[in-house]
Amino acid sequence: MPDVDVIVVGAGPAGSCAAIVLARAGKKVVLIERGPFPGSKNMYGGVVYPRILDQLIPEWWLEAPIQRWVTRRSTMIMTDTKALTIDFRSQAWGAPPYNGATAYRPDFDAWLADHAVAAGAELICSTTVTGLLHDANGHVSGVVTDRPDGELTASVVIACDGVNSFLAKQEGLYGEFDAANYTLGVKETLALPKDVIDERFGVRGTDGVDIEIIGCTGGVNGGGFIYTNLDTIAVGLVLKLPKLAAQKQRPEQLIARLKAHPAIAPLVEGGEIKEYSAHLIPEAGISMLPTLAGNGILLAGDAAALCLAAGIWLEGVNFAMASGMYAGQAAAEAIRSKDTSVAGLAGYQRRLEATFVLKDHRKLRRAPELVLSDRVQHLYPEFATSVAERMFRVDNPEPKPGVRKIVAQERKRVGIRRRDLAKDGLAGLRSFG
Amino acid sequence: MIESPWPEISFEDRIGTASFNVHHTAHIVVDGKVCADCSTRECIVACPANLFVPTSDGGILFNYEQCFECGTCYMVCNREGAITWNYPEGGYGVVFKRT
Amino acid sequence: MIGVCLKWVDRRPEPAGVGGGPDQPDERFAGVSAADQAALEWALRQRDLAGGEIVAVTVGPAAADAVLRDALAAGADRAVRVDRPFGAPSRTVADDLATVFAEATTVWCGDYSFDRGTGSVPAFVAAALGIGQALGLVAIDVDVAGIGALRRLDGGRRERLAITGRAVLSVEGGTALLRRAPLRGLLAKPVIDVVVPAQRIDAAHPADARPFRPRPRAFAPPAGSTALDRIRTLTAAGATVAHGETVTLDPPAAAERILSALREWGYI
């Protein structure tokens, strides 16, 4: 008999949701976290969309440690001197049942893990899982930790051990490793008085802003973001690893460059750095997805590369929570039917395919590559902002040119081939349409 | 390029804003012999914690203490065996608060 | 009985409680100092060698149970928490500890905590128990027959001690690295005895609790005709520096002299 029913490795959003589901199903579950507390190793690009939590914690918004509710969502396209912003706001997002929220992950993840503990899961912190145990048939049968007498056996192991997931790699669930599938997220949390934040970002109370930026990362492909917490703001970049490594500016220098941009400087000026942080992101979408289940093992969250980086949609925590929840359900089901082989755990893949977790990824399979492509990164921002500049510039006594003429001229000037524009437009339509 | 309108803080002050519970043994080991004949040195520019420092004799000096445990270094490194990467012992390493 | 004192404090580097009494530690960042960890390790080594029961004790609110759970996981036999709000004065804490340690042969403490405590608790515990004290130990050798230790003295000197009777020992963090708790230890359900002291002190004594802030001292304007001279006078630059003073006085007068010096320097 194994020591416990399920071992969940990593008490992030995926792991805690898996543990909540399993503990509520009456399973004996141990949740192992390598940090001193859940969330202590976690960092993200700022917005969590907790809709999926409706299924686990009704009216979660009454108790979740939220900084601000995102009522204003902007996408900014910039060059070194220009910026074109699409700015949307909805007061509906500032009231129940809400949409997106900003939160500190050390708060949010710890809160979610508390729910797992309350449901009956055993949380073991400060313990790193260093490997997997296998039975005579080669099925995963437990984990090895870095503690003395550190082996623990279980019917199922759910690996929610993050973007570097050494467990998934040890089990051979990842294909050929490629650094191009990953981006580096770097971020500064800047302290500003709440009323200054409210004023600069045009919000009140606990309403918040999330700005996603393209064209702000110098020669490195990637993107930027700024979002508001209650009395801090966060500004950061997402940088494609091979491109970052192939040039000369360090990540913090690239952040400084963004902070100095005329469109950004007035927002961040005077903010005192409270925390500088960094984390990797699995950003290639469906093309890098590992095998999600093995005999006695499931992958969820970043460990399963379930992070959606599709330009206008940048989501991760919700994918982690949902995949963790479905992994928990599938594991409980497999244990009930006494078959924890890859066939017995097939309910996991089935659930992911039936919901947004894989449906969104399949629909947006072309998006990550398109968004991080050289044209979108380096040519289109110049093209879009120059078209806007020409449209809004008054050239009297010259008459106004037609939009079609401006577009044609600017396309030529920036050096975008008509064929490429059509191709990318079609790819965009297929993905986002 | 754009010049910053206000002085940036030193890297020591920057990294000092994050908390680290430093273990007495290194979780990442860099083999300087392998790095000695590496000319690209992706780690130096990419490591967000600036832990890789070139030395005057052409080697690489690596500090593990203020590591974000992100994995960038082993991913960008193209020298087999240069970086032995592990997580620190449970409970040690970086502790984020406001991320 | 081998006693171990563990203080539950906020381990974050920034000072807690600026401008007032100590803040309640943030549970996520709270723990014990390296010195307290070393104290527990020495207790474990002593027990492993000479036998006995290790009782780990903390004085604090329910959240402080975390440090006792860790101690039990690492191998302590019993855990007791004296229920008090965070930030009780040293004397009160020591009295609480002494009540639990009435039968203890050895009491191990760390010689400092993270929150810039005064380090006075071990001495108060020894006084309350009426037993010997050996504080600020930098090297320890536990043997079946007794404990050999090296104690730090002023001026870089060391005192070699052979400890045989009952004693309170405070150790520096570098003396031992606490063993890592086995996984089974963490999975075991911890049992923690909670003692509610009869006389409750709910608020910290303000004089005990505040962070150290030297009192401002009034200086006469420096003499000198030029700014440079005045700066020289003010900073005593170039002057021969006096390295303390040596006086021979009888004990009451010596105590008074020490107090007046501390007052002059702003410590009290």
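Note that the chains are named A, B and C in the order they appear, and that numbering of residues resets to 1 at the start of each chain.
The working rule: contacts are C-beta pairs under 8 Å (C-beta built on N, C-alpha and C of every residue); 3 or more make two chains touch, one makes a residue touch a chain.
If you're wondering where the values come from, they're calculated on a predicted model, not measured in any experiment.
Novice: Take each protein chain as a node, join two nodes whenever their chains touch, and name the resulting shape: line, ring, star, complete or other.
Specialist: Chain contacts: complete, every pair touches.
Novice: Sort out for me whether A-B or B-C is joined by the greater number of C-beta contact pairs.
Specialist: A-B
Novice: Whole-Å distance, chain A centre to chain C centre, using C-alpha means?
Specialist: Centre-to-centre distance between chain A and chain C: 45 Å.
Novice: Could you tell me the distance, in whole angstrom, between the mean C-alpha positions of chain B and chain C?
Specialist: 35
Novice: For chain A and chain B, let me know how many angstrom lie between their CA-based centres, rounded off.
Specialist: Averaging C-alpha atoms per chain gives centres 23 Å apart.
Novice: Two-or-more-chain contact residues of chain A, please, as numbers and ranges.
Specialist: Counting only residues that touch two or more other chains, chain A contributes 36, 40, 106, 127, 145-147.
Novice: Where in chain C do residues touch at least two different other chains?
Specialist: 29, 180
Novice: Note the residues in chain B that touch 2 or more other chains, in rising order.
Specialist: Within chain B, the residues that touch at least two other chains are 21, 89, 95, 97.
Novice: Which part of chain A faces chain B closely enough to touch in the complex?
Specialist: The contact residues of chain A facing chain B are 34-36, 39-44, 80, 104-106, 125-128, 130, 145-147, 163-164, 166, 179, 182, 184, 186-187, 189, 218, 229, 232, 234, 241-242, 244-252, 256-257, 259-261, 265, 269-270, 273-280.
Novice: Looking at the complex, which residues from chain C come into contact with chain B?
Specialist: For chain C paired with chain B, touching residues are 11-13, 29, 177, 180.
Novice: Give every residue of chain B touching chain A within the complex, in rising order.
Specialist: The touching residues are 1-6, 8-9, 11, 13-15, 17-18, 21, 40, 42-43, 45-46, 48-50, 68-72, 75-76, 86-91, 93-99.
Novice: Along chain B, where are the residues that touch chain C in the complex?
Specialist: Result: residues 19, 21, 24, 89, 95, 97 of chain B touch chain C.
Novice: Residues of chain C touching chain A in their complex?
Specialist: 28-29, 31, 179-184, 186-187
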